[in-house]
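Submitted below is the structure of interest, expressed as structure tokens.
Every chain is named by a letter (A, B, C and D) in the order it is written, and numbering of its residues begins at 1.
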Amino acid sequence: MEPLLLPVLIPGVTGLLALALPGRLRRLQQALGLLGTLGALVAAAALLDVRAAFFREWLRLGPLNLDFALRADGFSSWAVAFVGLMGFLVVLYSVGWFRAAERERGPYYPCLLLATAGAAGAVLADNLLLLVLFWELVSLTLFLLAATGRASGAPAAAKAFVIVGCGDMALLLAVVLCGVLHADAGLERPLAASTLAAHPIGTGDGLGMLVFLLFLAAAAAKAGAIPLHSWIPTLARETQPPVMAFLPGALDKVLGIYLMARVSLEWLSPSHALRFVTMLIGSVTILAAVFMAMQQHDLRRLLAFHAVSQVGYMLLGIGTGSLVGVMGGIFHMLNNAIYKACLFLCAGVVEREAGTMELDRLGGLHRNLPVTFGCMLVAALSISGVPPLNGFVSKWMVYQGCVVAGQPMFLIVALFGSVLTLASFVKVLHSVFWGARPRALAAVNERGLALRVPLLVLAALCVVFGVFATVPLDQAIGPAVGLEPPATGAGSVVLEGRLAAWAAAPAERAAPAASFAVFQPLSATALLALGVLVGLLLAYFGRMKVRTVRSVFIGGEPIDPEVNRFPGTEFYRTVGELPGLGRVLAQGEKGTFDLYQVLERLPLLRRLHTGWLTDYLFWCFLGLTVLLGVFFWT
Amino acid sequence: MMYLLALLLLFIGLYGLLVKRSLVKKILGLLIVEHAVNLFLILVGYRSDGLPPILLPGEDAGEFVRASVDPLPQALVLTSIVIGLGLVMLMVALSLRIHERHGTLDCSKLNRLKG
Amino acid sequence: MDLVPLFVIVPLLAAFLCLLAKGVLPNLATWITLAATAALLALAVLAGLPGESHALAVGGWGVRVEAGVRFVAGIVLVLDGLSRLFLVMVALVSAAVAVYGVQYLASFSGRPLFHVLFNLLIAGMNGAVLAGDLFNLFVFVEVAGIASYALVAFGTEAEELEAAFKYLVLGSVASTAILLAVGVVYAASGVLNMADVHARIAAGAVSRPLLGFAAALFLTGFGLKAALMPFHAWLPDAHPSAPAPISAMLSGLLIKTLGVYAIVRIFGTVIPEDGRIPVVLLVLGSLSMVLGVLLALGQDDLKRLLAYHSISQMGFVFVALGANTWLGVAAGLFHAFNHALFKSALFLCSGALERIAGTRRLSGMGGLVQRAPATSVATIGAALSISGVPPFNGFWSKLLIILALIRAGHPGVAVIAAAVAVMALISFVKVQRKALFGPLPGHLAAAREVPAAMVAPILVLVALCLVTGLLWPWGVDSFIGSAAAAVKVAADSSSSAADYLHMVLGR
Amino acid sequence: MDVTIYGLLVFLIAGAIVALEVRDLLSSVIAIGVVGLGLSILFLLLGAPDIAITQVVVEVIVVTVLIRATARISDEPASRRTDRFAVASGLIVAVVLFFLSAGALVHLPAFGQPAMTVSRWYLEQGPALTGATNVVMAILLDFRAYDTLGEATVILTAIVGALAIVRGAERPVDARATDAGMSLVVRAVTRWLLGLILIFGLAVALFGHLTPGGGFAGGVVLACGFVLATLAFGARSPPASIFGRLSSRVDAAGALAFLLIALLGWCGGHFFQRWLDLGRPFRLESATFIVLQNVAILFKVTGGAFAGFLALAVFRSGPAPEEGERS
């Protein structure tokens, strides 16, 4: 068996097996789910150091050929391993999550497995049409997951499928255009990614630009960048948390950004204008989504808007076109998957135990859900870009990228977005874990190892990827941008100034090699740890009183804390009350900017079909007249 | 010129089909259209001072071939007439039922299906 | 013995026998129809698929040579790749529909008459597809057309009668246009056989304005039968009004055999290459594609929605034909074949859903996946197929169409096609969301799945969609490819019409 | 000669306009009958006696059906309001369309000089090859007999369609008058005429291959005879009711017979191949094959046309719908 096939085949076959099983055997389905995702993880991990390719002729479509061609370089095998890992954690979590409160409905595990297979296939595919096929498999499974998961999930699933479907069609068009351009240029295997990498398509002419924009649309729809983002918040409210965790973790973000990275680094050579467009979309996404997020009172929707917002950083980073920015963007994709999956899974625990996602009705749960609290804290700090966690590293690289690309405007936007993210998560932490606890939630506690293990793993990964950021940077991101991994595992790419290799790359990609600020995660962590230590010591020795709790009396009666409880959300009202911005945000909440809803209203043409035979006959004669005219005068 | 008159007849039928509101008038319009097309086909096969394509006893075969009109369009028209008969019967059946169900034969009131 | 005439004889015999059996044995007609469609299916497999392309002179009146001129004395039936494709299509869909009809029609009166008309419809379509003679094509187009007018009105409700009347008037106008065109061609060339006509036109017997006139009339006539955009208005009334099996026949087969096939045949074989036709097809096809799907988006009536999608999907086919390359024609024909499968499945599904929910309005359905899982699975499969989701067959034909368009230098049309595909997706996702998923309304709590005899044929059709999607590379050359090769495409090769001429006229 | 043709054409056009513009539907239908009659005279002048006969008898049936069917529902729309914009745009399109078509039609071969290609061969060889000296019939039933099968199928389809559409319809009020029949004088005349009509129809069909006529014309003549009998003696009278009940089946049997004749030929080699020998020219037996086919067509058309007439003009056809059935 070809080892390259295994990451696709294992989840694929187990998925089909699970699909064939009757719904009663859910234990077996769960086992298959765990087995399949773990298998994918192991099989992909085995590929980490391997450069391999697999090739089978499949079929010819006119000038193009659809081959079953897979290829693993450092980047793709890392991405697949990541997908496998996330898949495994999500399935593990699902086993716990679905235990009592709610049962899996529809083909849940088969869909997860097939989605994993699809994602792995899309990442590994060396033939662009094959990529499209796997890509659509992911969309389809996502639709089925959402549509059958909850009775109320159908509209959200439909919306997601449609918007992602737009992206799929754009991808298909882009791929076919690419293939035809290359076939016309007389290249063999015009659809092979390796051919494209060897002969990137210029974006000087209209066709090249169209190809890039189509790819961008496909990636934006999949990853959820504005204006194709609206399916994510809708979906978040209507699907189970594990599914939402799976989305950024294994599917949409990874695939969309993977594609964008491939496109702008290898397959096309985007012009400055197109890069600017990418960055613009990225920065708009960052800001708009974070503002929307601050408005939310539903934890799932809030997280979903953050998921959108983070995509902006990735696009911004990739759009800079500078080495450090691109690497930052890709790295941010991995980091985002980790902390965002962690956040969604934590939210899932909160929902399961507290029974609600309304921030107003939550609070003070840090003692009830200590593990969840800890993990969420780490993940929230990470998403807000607090050092030394992973989110900081990648954001830092994106900032640097903006500087190097000479776009200080975007830098400011990115920084501002980061601040707002932090503010937003302070709100979340406050309203869920701190503050006064509603009495109804007194009995909440954590149950189930299957729920906690994935959280811990992900939180740990947040730290590891932050402190030892050089490892993924060297092993995964470096190859992605065309850098050889260093012979010894140690030492950062960025630090060691091995950018000379980069300078030799095509002029388009050349970035100023030496002159940018650097960040050394290990030493920074050490310094931070030192600082924290000092602070703790001061606190301890200074005998500082952190908090005192006393009952408040009015007229001799103690006031019920429930009455005086201030949910964290109260503090963010002002954002919605700002002139101008507030109105825009309110419109956003109503769905005015939601392309999907705009398409549903189209009454004008129907009025033409009056039902009168005379009109219809008249059209026919008019048509005949025009045809006759055409045939006479040409 | 002869063809143009047949064409004119066709257009009169189309006019009836298009403008007249009564279903019966529409049927008549279609009948006229069919008449016109049949006429056109026969005109196409006509030979100046031609004779029917029926060989009579004792007639010279060579003379027959030279004098006869084109028989093929006639065969086509025979078929076409019969098709027209069928169409008219179907239309009458439909109008009868439409009158029963809608209570009118006014075509402009037949627009329940639209949009 | 050459079995080709049986494609017409079998359904004709069945129709006559059904009429004779009327009133004697009430259920005999059903059995006769089932037997006839089964026989057609067997024929399609035995004689249709492996058959060599050949022409068959009816009554032995084949090629004659007179004063050095070759011509066909009588009528020929021609079985080439193109006809084969459509014969197989007709056999597959009509067999499924016949089985479905057994249960569906149980509550209708006048079943024998229905079966007579149903068989005549098949006979007309098969006859039109096999015709090698312009007038013969017209006659069988009329047979199928008249049968379809009557079948649309079969329920004799007010709306059905209204739709049938409009359909009949517009259809007769189309027939008149076709007959006039045949007359014009005959007047100028003196022949009716397609190969003969081609040879005469190529030899310059028909002047250019006259040819343009005939082309415009043919395009109007057959375009109306195919519901090409300015001539489409009857379809959204007629197709939903008919009983579901007939809707499936009309949308799945009739608009293709009478419309697409005839246009491909006329402009591929009969009239020599004319650069204006592909442009016209591209424009009208794009128009149908876009406006059809936009109209479908706002529909609440499930069958009307499907009908508008038929217009839109026919637009895909014509756009592909307008690409005017081998690949384009193959893609268009492939899409026509696929559309026959999934659109008939969808219309059968609509009938089943109507039975289950008691309404055709999407707003009156919901959550049916809980009450009718088999029908729902079939609907989802067919909907995914028409929306072009892999691995269903619709994806491949749309991919090929987009590829052909880009390849032929029409990237703009390709982008339109992709956008339309997305809108089709939107529309069908809406159908699923409103009809199948979501909460079950109270009045449907007692809804029951339709009998297996109704679901099974739909499931078979959907399975065929899937199988076609997975296995098409193995059939594409021999089946679709030879169908496309039967059409002369100047851009790629000019030999195919010569093949046809050779086949019919000999050396 | 040409002047007569022109005159008749103008007459036809005038008649057509009258038929469309007269408000009284009955007058319209009669006007259309006159147009049909004029057309058949024109056909006669143009050397097409077969068509002329068929045209005239078909016109009789059509007009009868139209009068019977529309007499009781003649409600011309009360308002004659017309949308000026629609009419104007329609007119512009019509004028443009007319001139475009005319521009193409002037390129046809000149009137009176047909481009005969296959037809010349039919004229030369037809009588000898088929035994039918009426070349139109030779074409219709031998060279292009397959078209005729289609044609027979078309009329069958239309009749069955009409039966299907009117099934279960309310029986019209004035149908009871039809049951009763007409006055004694009419009955007496009809009794005389009927025999003549039947014999004439048979003759037209049997000798179709030698003289103008053929199965179609003969069939419609026979149907006219039955129609006459029905109207005169009433729908409950034996000839009408017995044949009425059988008519659609006679139609099917005729079509079946025609198809079987074709199939028998297939046993000998080709579908529709002649399998009877030619006899002496100009005699009834000169083309027995065609006679057989003409008889089959005769039955078919008689049954079909009469069934159509009954369904549309007199009867509620078919059995009443059973309980619980959807009509």
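Before moving on, here are some points about what is shown:
By definition in this document, a residue touches a chain if its C-beta (ideal position, glycine included) is under 8 Å from a C-beta of that chain, and two chains touch if they have at least 3 such contacts.
None of these values were measured; they are calculated from a predicted model.
Counting C-beta pairs in contact across B-C and across A-B shows that the higher total falls to B-C. Centre to centre, using the average C-alpha position, chain B and chain C are separated by 28 Å. Chain centres here are Cα averages; for chain A and chain B they lie 68 Å apart. A separation of 44 Å divides the Cα centre of chain A from that of chain C. Centre-to-centre spacing of chain B and chain D amounts to 11 Å, using the average Cα coordinate of each chain. Touching of two or more other chains is recorded for residues 14, 17-19, 26, 44, 72, 79, 83, 86-87, 90, 94-95, 97, 108, 110-113, 115 of chain B. Across the assembly, chain D contributes residues 90, 94, 97, 100-101, 103-105, 108, 114, 116, 118-120, 122, 144, 147, 150-151, 154, 157-158, 161-162, 165, 169 that each touch 2 or more other chains.
Taken residue by residue, chain C touches two or more other chains at 135, 139, 142, 146, 149-150, 153, 156, 161, 164-166, 169, 173, 187, 192, 209, 212-213, 236-237, 298, whereas all remaining positions touch fewer. If the chains shown are joined wherever they touch, the resulting network links each chain directly to all the rest. Put simply, chain D touches chain C in their complex at residues 100-101, 103-105, 107-109, 114-122, 142-147, 149-151, 153-154, 156-158, 160-165, 167-169, 248-249, 251-253, 255-256, 259, 263, 265-266, 269-274, 318-319, 321-322, 324-327. Residues 1, 5, 9, 12-13, 15-17, 19-20, 22-23, 56-61, 64, 66, 69, 71-75, 107-110, 113-114, 116-117, 120, 123-124, 127, 133, 135-136, 139-140, 142-143, 146-147, 149-151, 153-156, 161, 164, 184, 187-193, 196, 200, 205, 207, 209-210, 212-213 of chain C are the ones that touch chain D when the two sit in their complex. Listing the residues of chain D that touch chain B in their complex gives 1, 5-6, 9-10, 12-13, 16-17, 19-20, 25, 28-29, 32, 35-36, 39, 42-43, 46-51, 54-55, 58, 61-62, 65-66, 69-70, 73-77, 82, 87, 90, 94, 97-98, 101-102, 105, 108, 111-114, 116, 118-120, 122-124, 126-127, 133-136, 138-140, 144, 147-148, 150-151, 154-155, 157-159, 161-162, 165-166, 169-170, 210-212, 214, 216, 281-282, 301, 305, 308, 311-312.
Those residues of chain A lying in contact with chain C across their complex are 58-59, 61-64, 129, 132-133, 136-137, 139-140, 143, 147-148, 151-155, 157-158, 161-162, 165-166, 169-170, 172-173, 176-177, 179-180, 207, 210, 596, 599-603, 605-606, 609, 611, 613, 615-617, 619-620, 622-624, 626-628, 630-632, 634.
Within the complex formed with chain C, the residues of chain B that make contact are 10, 14, 17, 23, 26, 30, 33-34, 37, 40-41, 44, 72-73, 76, 79-80, 83, 86-87, 90-91, 94-95, 97-98, 101-102, 110-113, 115.
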